[in-house]
Amino acid sequence: MVTRRPDYLRLPMAEITTLPEAVARLVHDGDTVAMEGFTHLIPFAAGHELARQGRRHLTLVRMTPDIIYDQLIGLGCADKVVFSWAGNPGVGSLHRFRDAVERGWPHPIEIEEHSHAGMVNRYVAGASGLPFAVLRGYRGTGLMDRSPTVAPITCPFTGEVLTAVAALRPDVTVIHAQQADRQGNVALWGITGIQREAVLAARRSLVTVEEVVPALKPRPGSVLLPGWVVDFVAEAPGGSYPSYTHGYSSRDNRFYEEWDAISRDRERFLAWMEENVLG
Amino acid sequence: MRGWDAGEMMAVAAARQLGDGQVCFVGIGLPSQAANLARATHAPHLVLVYESGTIGAKPSRLPLSIGDGELAETADTVVALPEIFNYWLQPGRIDVGFLGAAQVDRFGNLNSTVIGDYDRPQTRLPGAGGAPEIAASCARVLVVLRHSRRSFVDRLDFITSVGHGRGPGDRAALGLRGGGPALVVTDLGLMEPDPERKELVLTHLHPGTSVDQVREATGWDLAVAADLGTTEAPSPEELAALRDLAR
Amino acid sequence: MVTRRPDYLRLPMAEITTLPEAVARLVHDGDTVAMEGFTHLIPFAAGHELARQGRRHLTLVRMTPDIIYDQLIGLGCADKVVFSWAGNPGVGSLHRFRDAVERGWPHPIEIEEHSHAGMVNRYVAGASGLPFAVLRGYRGTGLMDRSPTVAPITCPFTGEVLTAVAALRPDVTVIHAQQADRQGNVALWGITGIQREAVLAARRSLVTVEEVVPALKPRPGSVLLPGWVVDFVAEAPGGSYPSYTHGYSSRDNRFYEEWDAISRDRERFLAWMEENVLG
Amino acid sequence: MRGWDAGEMMAVAAARQLGDGQVCFVGIGLPSQAANLARATHAPHLVLVYESGTIGAKPSRLPLSIGDGELAETADTVVALPEIFNYWLQPGRIDVGFLGAAQVDRFGNLNSTVIGDYDRPQTRLPGAGGAPEIAASCARVLVVLRHSRRSFVDRLDFITSVGHGRGPGDRAALGLRGGGPALVVTDLGLMEPDPERKELVLTHLHPGTSVDQVREATGWDLAVAADLGTTEAPSPEELAALRDLAR
């Protein structure tokens, strides 16, 4: 069975609380944590709260690690990163990620990598309560041999060989959304990525939102997550910065460019984090 | 001094490959430039599909990321990632996919994962992203990268995306149903796989480049077409449209 | 490869034509035809056009055959029915279906039956270009032995035994929707069922719509099918009657009840069809 | 003359099984009656999920079909069928599922497919619909059907939905992760599976019925609980709410 509401939530609703309390109660050292948001709604505020609370030995799962995981990796929060594209979109490398992989700083990390389609289907399997998903992918690539979560599978009807990927079941999924109502029903819209599946695949979940509103309004393209599949909702206005929140804020492309220089140097990175996140 | 640079030549050459009414899977950077240039010139009905889930996006200027808000706002529909990969890319609904890479080999196989040994990388690259399945499933793949001995290599350090494998029949044996790389566009010229041997053959030089220059920048003994042509230089209209997009 | 636009459609759009012409050009004797719409948007007008054009030897695929297939079966259009629930919703039996299965009238038909979840996943596999899909289902039931399109499959990671169902790939899928624009982009909303997957799984497709409008308006919960995955669009106002079209018409529950009496008797059924559909 | 009929007794008895805040997978007819009655009385936060894809529907009166427009209009969200079955039912997010059937056996296995031989049916029934996976995946299943020797049979003509199989351990061996039938509600009384043997045991008689009457209407030697109880008759409040829904 997948997500059961914890016993302390008798009614079908999420608990609305502060971000520090939600992180303290939901995320533990050693957890597998997925913070999703594909190019949009990246949950930076929650990531920074994890950093401030000093979580360690995390397995960080994310299709596109982006700056948010570059920061957590550089601070030494992660033992392992599971991903499909680890770059600074439109800019280049994630230098803290590379420093960890190439030179083991601040400590060596394990990596497990997939294609986007593979990661997507791993979340779909997790959300569906299945141990694996099937896709056309990986065959002939070096990725096939590098991950214990990829295997060939034969169609029982046609004999065709396809690829199976193991389900992702994060201990905690964290996403950012535009709005929640007072029952913790969550609405996100614009590019909705893999967030629905990431929440449904997780054992526990936290959603930061721009605002809690009295009632959610139906909107074109909106994805709704009922409060009874979300554990905690916390207001975090601007919580996707420097990424963006459709209808609320714009992506700070300049910061993505500046991060290249900030993150190239270990000392400068640490000073920046101290000044802007940890302090 | 000519009135265009190598990047513009690459974008124009790639754009010309896109037929009106085709469906194109677009990444950021040169692919997005080329696709939007085609849409602004000879292919007004080109359908742009971005892997962030925007189908039929009609941006007025070049988006800075594949998640750019304007893509979602101008799209016919925005779908979640499981749908874009499983319902749209995987079944072969896409006519043309664009791929870049750090390395390409003579069969159009691509590496965007690592330079050096996987476990002790010299340079850790971003990795696969959508590339393996774009390479597998699109009817045609256009590969776009700059020419150098570092990128055109005899042997890839890692196979991220399969082109024509080790030659004829390999794609079918691997169950890859798209056509694979149909063209490689660089800053020096164009290469196409030989229909029989599937090995890349230099078919066009861009204006002002030479065969020696291309072969010098290629890490294997590059074949040259008997009827080697010269790419038409970017027209004033093409350049104007391209620069207008970058405003 | 799944749906390729036919060569005669150079531009990425559907052809907008009349219903008789669309049916004549798309649906051939012996085809496997899926007419979908789960409790909503059932394409009755198109079904009646098939009946008028006298199609024969069809394999009719539909999760819930409903009155629409009861009529086609009773007229002898079907050699085989693939389904998951063959009743008159809220009323009882489909008498023409039962007469064919129990007594071979007007001729014996073959049946292949599944659960809803199985049919859904068969369409999903078809839409995804996969030969099969995996689900938790069928195990321990008599359905497992009755269909060549169900088989056990073992997870390569956990060893767990699950169920595989073969992809559905109809020759033609027919659906009814609220609106299309002049490029044949189709919008449907309300309960959207399995229509998206049924169209994407098919080799060819026909959408009847309440109206062709100059431009589709974004709406909450709307599903959009781009014109380049649809072959034909035909206007058929009221084309879902006696089912309903959210925003346009209501379900005629009384007709569903009346159908019970009309369809119980072979002669009365034939007379009704002659008078109301064929004549 | 008592002020309620057997159908009302069944709906009330089923409704009482639904706890406030639970998530309930609802079909049309008696399940929908029971679930909406519970929501109108003791369980205002009951979440109704209809297999047509409406999650959190709050109908003001009983819908006539699972596709009723009011379900979509009052729902928290409407999802497509792949999502309702794969993301919501299959992973075990549903607390309570309701099932009817033409036949039930002593282990709560159900037949809604065929009476007689499958290939030469005496009566062809509608078939499985959502039942097999509701039976497989919900935390608890409530079975609702009228009592008779035709419906309570020693041996099913067809197994459409698995209850407790052939006894203890069978569900686990089949990989069925929900709890299976927890209660059978009929017009005569209530039956629960014995915790050890998994065979149905008569635990409650509805007011005015007798053990003999129940055993007479059961096609096997039905076990009777030592502490056999009597169902509380529908209260005036329950009856008023139920009749109000049917307006």
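We just call them A, B, C and D in the order they show up, numbering each chain from 1.
Definition applied: a residue touches a chain if its C-beta (ideal position, glycine included) is under 8 Å from a C-beta of that chain, and two chains touch if they have at least 3 such contacts.
Since we're looking at a predicted model, the values are computed, not measured.
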Pair joined by more contacting C-beta pairs (B-C or A-B): A-B
Between chain C and chain A, distance of the C-alpha-averaged centres to the nearest whole Å: 38
Chain B and chain D, separation of their C-alpha mean positions in angstrom: 57
Gap in Å, rounded to a whole number, between the CA centres of chain B and chain A: 29
Per-residue overlap in chain A, given as positions that touch at least 2 other chains: 129-130, 135-136, 160, 162, 196-197, 221
Junction residues of chain B, two or more chains touched: 77, 86, 90, 137, 177
All touching chain pairs, where touch follows the definition stated at the start: A-B, A-C, A-D, B-C, C-D
Complex contacts: residues of chain D adjacent to chain A: 20-23, 45, 47, 55-56, 76-77, 86-87, 90-93, 137, 139, 177-178
Of chain A, residues touching chain C in the complex: 129-136, 149, 151-153, 155-158, 160, 162, 164, 166, 218-222
Complex contacts: residues of chain A adjacent to chain D: 1-4, 10-13, 127-130, 185, 196-197, 200, 224, 226, 228-229
List of chain A residues in touch with chain B within their complex: 38-40, 63-64, 83-87, 89-90, 93-94, 97-98, 101-102, 113-117, 120-121, 123-124, 135-143, 146, 160-162, 190-194, 196-197, 221, 223, 244, 246, 250-251, 253
Chain B residues within the chain A interface of the complex: 28-29, 51-54, 64-69, 71-72, 77-78, 80-82, 85-86, 89-90, 113, 118, 121-133, 136-137, 158-162, 165, 170, 174-177
